[in-house]
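Two complexes follow with subunit A in common, the first pairing it with subunit B and the second with subunit C.
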Partner chain A sequence: MRRGEIQIYETILVIFFFVVIFVFGFLFFYKFTLEGIRSDNLDYEEFKSRQLISYIPSMYELRCSSMLAEVECIDLGKISGFKKVSTAYFDIFGYKRVIIKEVYPGNAQDFIIYEKIPVKYKSKEVIASPLSIYSPKDDSYKVAKLIIEWYH
Partner chain B sequence: MVSLKKGQTEIVGLVIVVIILVILALIFLKFYITGNGDKDSSVKSVQANNLVNAIKMVTMCNQNIGDAIIACCNNNDFCGRDACRLSIEEIKKIMDSSSEEIIYFEAKDNDDLCLSVNNDCNGVSSSINFIRNNDGEAQIQVKICSIK
Partner chain C sequence: MNRAQMQVHWIFVIAAGSLILIFLIGFAVKYNDLQSAKLDADIARYIDNAINGLKVNEQFKIVQLSEITNLEFGCDDFIVNKNYKHRWPENIVFAPKNLNGDNLIVWAKKFELPFAIDKLIFISEVNSKIYLVDDIYAREFKSYIPSIFNNIEVIDIGALSNLDKSGYKKTKVVAFSNSYNLNFLESDIDIVYIDSDDYAFLSKDLILGKIFSDEESFTCSIEKIYEKSSLVARIYFEKSLYLRDCCSNYRCNYNSISALLRSYDNFMTNKINNNQINIIKEDLVQKNEVLFGNDCRVVF
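For the complex of A and B:
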């Protein structure tokens, strides 16, 4: 081979390697950007779920009220009514399961107030918080756990 | 191609090392700043406030635990039993059943500690809740310490 041919081959080889490195770089960039967007979306969903533990006890549809005064607790008498219309709350709750589990004084009862589970999901996260509940049956205040399961 | 002298080559090497160190420092800083600390403490703060609110409202002997705590601070009986002992037992039951974490509970009457459950810690505190009835008043607070 002449010196000129060698230089042409050398140039082609350099361009080839440059293109390969560029393609790999672009693929990495694309993958990292996609992962970044997915991670941001997950963070946002997590933030929304965390917010629900303070939002649900303050919902007028569920919270206790006595003589026009608002009390910080969930009225068990309102749960059955809320459950009937809970599908209309998809915009607020999304794909989640919201359970109120009575833990004190004893006879543990679970009340599922919202349930919308996606057909396919990778994992399930659970967040819980204590909560005061009012039982109109025996006119007493009890302690429950508000459990929010969210799927992604 | 221009050949570099030995001194120049070393400077280029040094610059590359500095650039790599700066990049590593930036990556470390990104993970350090975006930690989970804030998120966890905000959730724990909501949990602590929900718990202290739930405790003070629980019905006991047709009254609530808040009345038992005030009776304890006044050294009175409640429900035919020693108010402090009864309050500690019931509050402990509530905390054990409603959370997986170690929780400290305290009740004060004008800055005098009259009731506490578990040991004090440097956890996330609830806001101070005032409870009052005809017999007096008390301030109650919980702190979420750590996982059991």
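For the complex of A and C:
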């Protein structure tokens, strides 16, 4: 083999190793960037779920009202109606389960106001917040918990 | 190495080097695109969060963006810098189709028909000027709008001929009568006529919607209002049945208000004329007041 040919093979080898190292570096970088984006998305989803827990009690579809004046509570009289139209709220709630759980006094009753569980999910997270509920049946206010189960 | 071999060697090095360079440039360009898409997504989320925060209570505020941003509002979404589409179909937004700036003025206002339906979102930009041609209606509507919207001004028709557009990226003139002749205005000024039929149209909030939005955005938001009103009416219909089952007696009869709520839902679903909706709206308020007067649980 002549000296010139050896130099060409040397150059090819150097370029080959350079390309291999570069491709590996690129793949690692791509993977880390993708993980970063996924983690950002998850953080955002979590933030949205936390935002939802303060948004739900202010929704006119569930909030107490009397003679067009609003009261800071959830109206149990609206829950069955809301459940019937809840599929229209997928854009707001997404894949979640929203429950109102009576805490005090009386029997701890659960009211599922929204339920859309994905077929496959990796994990479930639960966030809760206290709230007041009004029962028109016995004209009484009760303490309850708003629970959001979030699937991802 | 002889001369021919040297030439082959250099051609090979230049070709390989060029390929690597092209790859590196391509990667840098893609990375830059990715970073700008990320930045646009952050801006979109920031706007979404700010507006959702305002929706919890009826409020208004200036949303300051980190940089001058182009926003294109669609029916169920908005596009940031023609690059990132952010969906928010749950919001009823009245905004111009295009906004360019870094200071958005946002107002979340409760919409009732007659019961509370949703918060309407009105969006404007500090550098977009809206003139209301001076008359009794213009002054009335200006008084409804929070003072934070200092880009909205009542102007005398005579003053429109020497309009100073400097400092504003966009100018819109709103006239509360078709009788005003605004043909003399420059072509880049948007002109909106709100005719007398509109005054009876559902509620004054929708007139505000016309002031803030473009035709396309307005039509879409009206559709959403019909859908949302129908949903809320269905919830109140179910509540009236619940009250009928639990709490009706010789004084408290929920049958008539249930029937009215059903008709209201039908009218909203089929978008039957607005006058009939206004009649039902008044009937509903009256029936609810009767229940209240008879010491019954009210529906809304």
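Throughout what follows, the second predicted complex is superposed on the first by the 139 of 152 C-alpha atoms of A that agree within 3 Å, B and C clash if a C-alpha of one lies under 4 Å from a C-alpha of the other, contacts with A are read in each partner's own complex, and residues count from 1 in each chain.
Rule of thumb we're sticking to: a contact is a pair of C-beta atoms (placed from the backbone, for glycine too) under 8 Å apart; a residue touches a chain by one contact, two chains touch by 3 or more.
Bear in mind the structure is a predicted one, so any value in this text is a computation, not a measurement.
Participant: Clash or fit: how do subunit B and subunit C relate after the overlay on subunit A?
Facilitator: fit
Participant: Quick one: classify A:Thr33 as touching subunit B (first), subunit C (second), both or neither.
Facilitator: The second partner, subunit C, only.
Participant: Quick check on the superposed pair: does A:Val103 touch subunit B, subunit C, both, or neither? Answer first, second, both or neither.
Facilitator: first
Participant: Using the touch definition from the top, say if A:Lys145 reaches subunit B (first), subunit C (second), both or neither.
Facilitator: In the superposed model, A:Lys145 contacts subunit B only, not subunit C.
Participant: Please indicate which partner A:Glu72 is in contact with in the superposed arrangement: first for subunit B, second for subunit C, both, or neither.
Facilitator: Only subunit B; A:Glu72 stays clear of subunit C.
Participant: Figure out whether A:Ser54 sits in contact with subunit B (first) or subunit C (second), or with both, or with neither.
Facilitator: both
Participant: Name the chain, either subunit B or subunit C, that contacts more residues of subunit A.
Facilitator: Touching more of subunit A: C.
Participant: Between subunit B and subunit C, what minimal C-alpha to C-alpha distance in angstrom results from the superposition?
Facilitator: So the smallest C-alpha gap separating subunit B from subunit C comes to 11 Å.
Participant: Let me check the overlay on chain A: which residues of subunit A are in contact with subunit B and also with subunit C?
Facilitator: Touching subunit B in the first complex and subunit C in the second, residues 47, 54, 139 of subunit A appear in both lists.
Participant: Which bits of subunit A are touching subunit B when the two form their complex?
Facilitator: 46-47, 50, 53-54, 57, 71-73, 103-105, 127, 129-132, 139-146
Participant: Taking the complex as given, what residues does subunit B use to touch subunit A?
Facilitator: Where subunit B meets subunit A, its residues are 39, 42-43, 46-47, 50-51, 53-55, 57-59, 64, 93-94, 97-99.
Participant: Quick check: in the complex, which residue numbers of subunit C touch subunit A?
Facilitator: Residues 1-2, 5-6, 8-9, 12-13, 16, 20, 23, 27, 34, 38, 45, 49, 52-53, 55-57, 87, 89-90, 112, 114-118, 227, 231-232, 234-239, 242-243, 246-247, 285, 288-289, 292, 297-298, 300.
Participant: Give the list of subunit A residues in touch with subunit C in this complex.
Facilitator: Checking each residue of subunit A against subunit C gives 2-5, 7-8, 11-12, 15, 18-19, 22, 26, 33, 37, 40, 44, 47, 51, 54-55, 58, 60-61, 63, 65-68, 70, 75, 77-78, 80-82, 84-85, 88-89, 91-92, 136-137, 139.
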